[in-house]
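So that we are looking at the same thing, I have put the structure below in structure tokens.
Letters A, B and C mark the chains in the order given here, with residues in each chain numbered from 1 onward.
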Amino acid sequence: MFDDPIYLLAMMGTAVFALSGAMAAARKKLDLFGFIIVALAPAVGGGTVRDLLLDADYVFWVKDLNYVYVVAGVAVLSFFQVHRLDGKKYALLMWADAFGLALFTIMGTQVAMTYDIHPVMVVIMGMITGTFGGMLRDIVCNEVPLLLQKEIYALAAIVGSCAYLILIDMGIPQEGSMLISVTATFVVRGLAILFHWSLPPYKGGQT
Amino acid sequence: MFDDPIYLLAMMGTAVFALSGAMAAARKKLDLFGFIIVALAPAVGGGTVRDLLLDADYVFWVKDLNYVYVVAGVAVLSFFQVHRLDGKKYALLMWADAFGLALFTIMGTQVAMTYDIHPVMVVIMGMITGTFGGMLRDIVCNEVPLLLQKEIYALAAIVGSCAYLILIDMGIPQEGSMLISVTATFVVRGLAILFHWSLPPYKGGQT
Amino acid sequence: MFDDPIYLLAMMGTAVFALSGAMAAARKKLDLFGFIIVALAPAVGGGTVRDLLLDADYVFWVKDLNYVYVVAGVAVLSFFQVHRLDGKKYALLMWADAFGLALFTIMGTQVAMTYDIHPVMVVIMGMITGTFGGMLRDIVCNEVPLLLQKEIYALAAIVGSCAYLILIDMGIPQEGSMLISVTATFVVRGLAILFHWSLPPYKGGQT
């Protein structure tokens, strides 16, 4: 199982998203269990929503405890060691989150392709897998979801998911398509972080 | 499909609820993707919760992209044009929302009747379809749900859903039962808006 | 059905968790329907999340209206009578909640054992059944979940759920295993309430 590079990437994505949850837990000064629960939300939330919407036979992490172990391990490590990152934490979080977004979007796209649904819905499911975990994290912490506020985020997921579908359709092998589309998602999001790219917010009057 | 008046009504209900989400997004000054995501919550949220609770084979909008297109269309239009409604926005929102509530409650009741569940549970599922989307919209926007605060709202859904069950049981044809019970829901909610009818809030001491 | 002591305990657990929701509704000065909806969240929320994650054929309360009747009854009674408890309300809530936590955790563990999942996942499902309802209650009321803040809570559920698995594995009959592990959960949580036991919160710098 751990020989499988795609599986290893899934675990890395889980770890970086769990880290984003642990950092949110640190901001709220939670205890160790709070760290674990808030780390679970971004790490497994997006894929859980996808599996529920597609009525999967089981939600992916219920049958594979490695996801839970990775999340718990990251949460415990963060609880004791995350203060060491003071000063660089926010920048690190942004890049880890961008990496998780890219991985999860393309993996969610792959899962959705195994269902008999329209390609547009496949892209939506990829986007949900990549972005809804972070939204759940923010809802649990009682904050306005970053997904709704920040620089280009959902758009990066949509670009990457579309790229994957097009590459597969062109006959590019799965590994190559994955590498290119994960990179595309990461680059779009990374450029948005570096240059503060954002879509214009609504500028109308009060409602 | 678009010949079917019931389907057209479902799309209208989706559009007015999406508009309520877009107006919430405007209040939060979100970008275009924020508009789409916050519009999705009320437009498909209630039916999604119903389908998940009933363990439907698939959540309704996953197999029918028209719901997503209507929501995206309303969100995009609202992003660019909703400022034109300044001044009348709140009143318009209330009436659009009342119309969506009435349509979705009766449609949710119809869907629930196809399952082998008790009539009381059918009414509860109708009420959930009509009201939970708005609650999800408010949770995503980090506000106390209007469902929990405002004038008679869930009660209108319950009245309409019960009316539909009784009319069908009396042998009234589906179209007639639907027309009457949608109207009943809309009238109860409309009267509550016009005359500020509300149930008395809890008046006890601090807890 | 009401001859079954386990079923009676499930109804008692439902009632005490519904009471915790009604008290949250009282704090927010909601109306009668608000009381019912906020009482539903803790009373059926944890088991609902468990049933969705395990892809149960149906969510438990959809086929058994008694849960809904108990919640509605407690909500109505609370709406009219909860002010009588002023002064002792908070203490009462804590103990009722501890009792509900203990019952629901062990019942959730029993349900999860009927699925083909790893024992660690059984414990996680028991913990989710016992604790996620209260988290949903707090999310609906737009508050930071108590689960994330308070004294030892999730840990009590994990201790009780593990105890149940070990006792069953040792060949202790179901009734005895249940009695001991419900008591263990209640005692751990009760001691945490009495002596303000809590796990240390994160003490690092700002993130």
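In this section, contacts are C-beta pairs under 8 Å (C-beta built on N, C-alpha and C of every residue); 3 or more make two chains touch, one makes a residue touch a chain.
Protein names from UniProt, one per chain: A, B, C = Glycine transporter domain-containing protein.
Keep in mind that this is a model prediction, so the values were computed, not measured.
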item	value
Copies chain C and chain A - interface residue numbers shared by over half, same or different	different
Superposing rotation of chain A relative to chain B, computed on C-alpha atoms, to nearest 5°	120
CA centroid of chain A to CA centroid of chain C, Å	30
Of all residues in chain C, the ones touching two or more other chains	52, 55, 139, 142
Touching residues (chain side chain A, partner chain C) in the complex	23, 25-35, 37-38, 48, 52, 55-59, 62-63, 65, 68, 79, 82-83, 86, 89-90, 139-142
Complex contact set, residues of chain C against chain A	52-55, 117-118, 120-121, 124, 135, 139, 142-145, 147-149, 153-155, 198-207
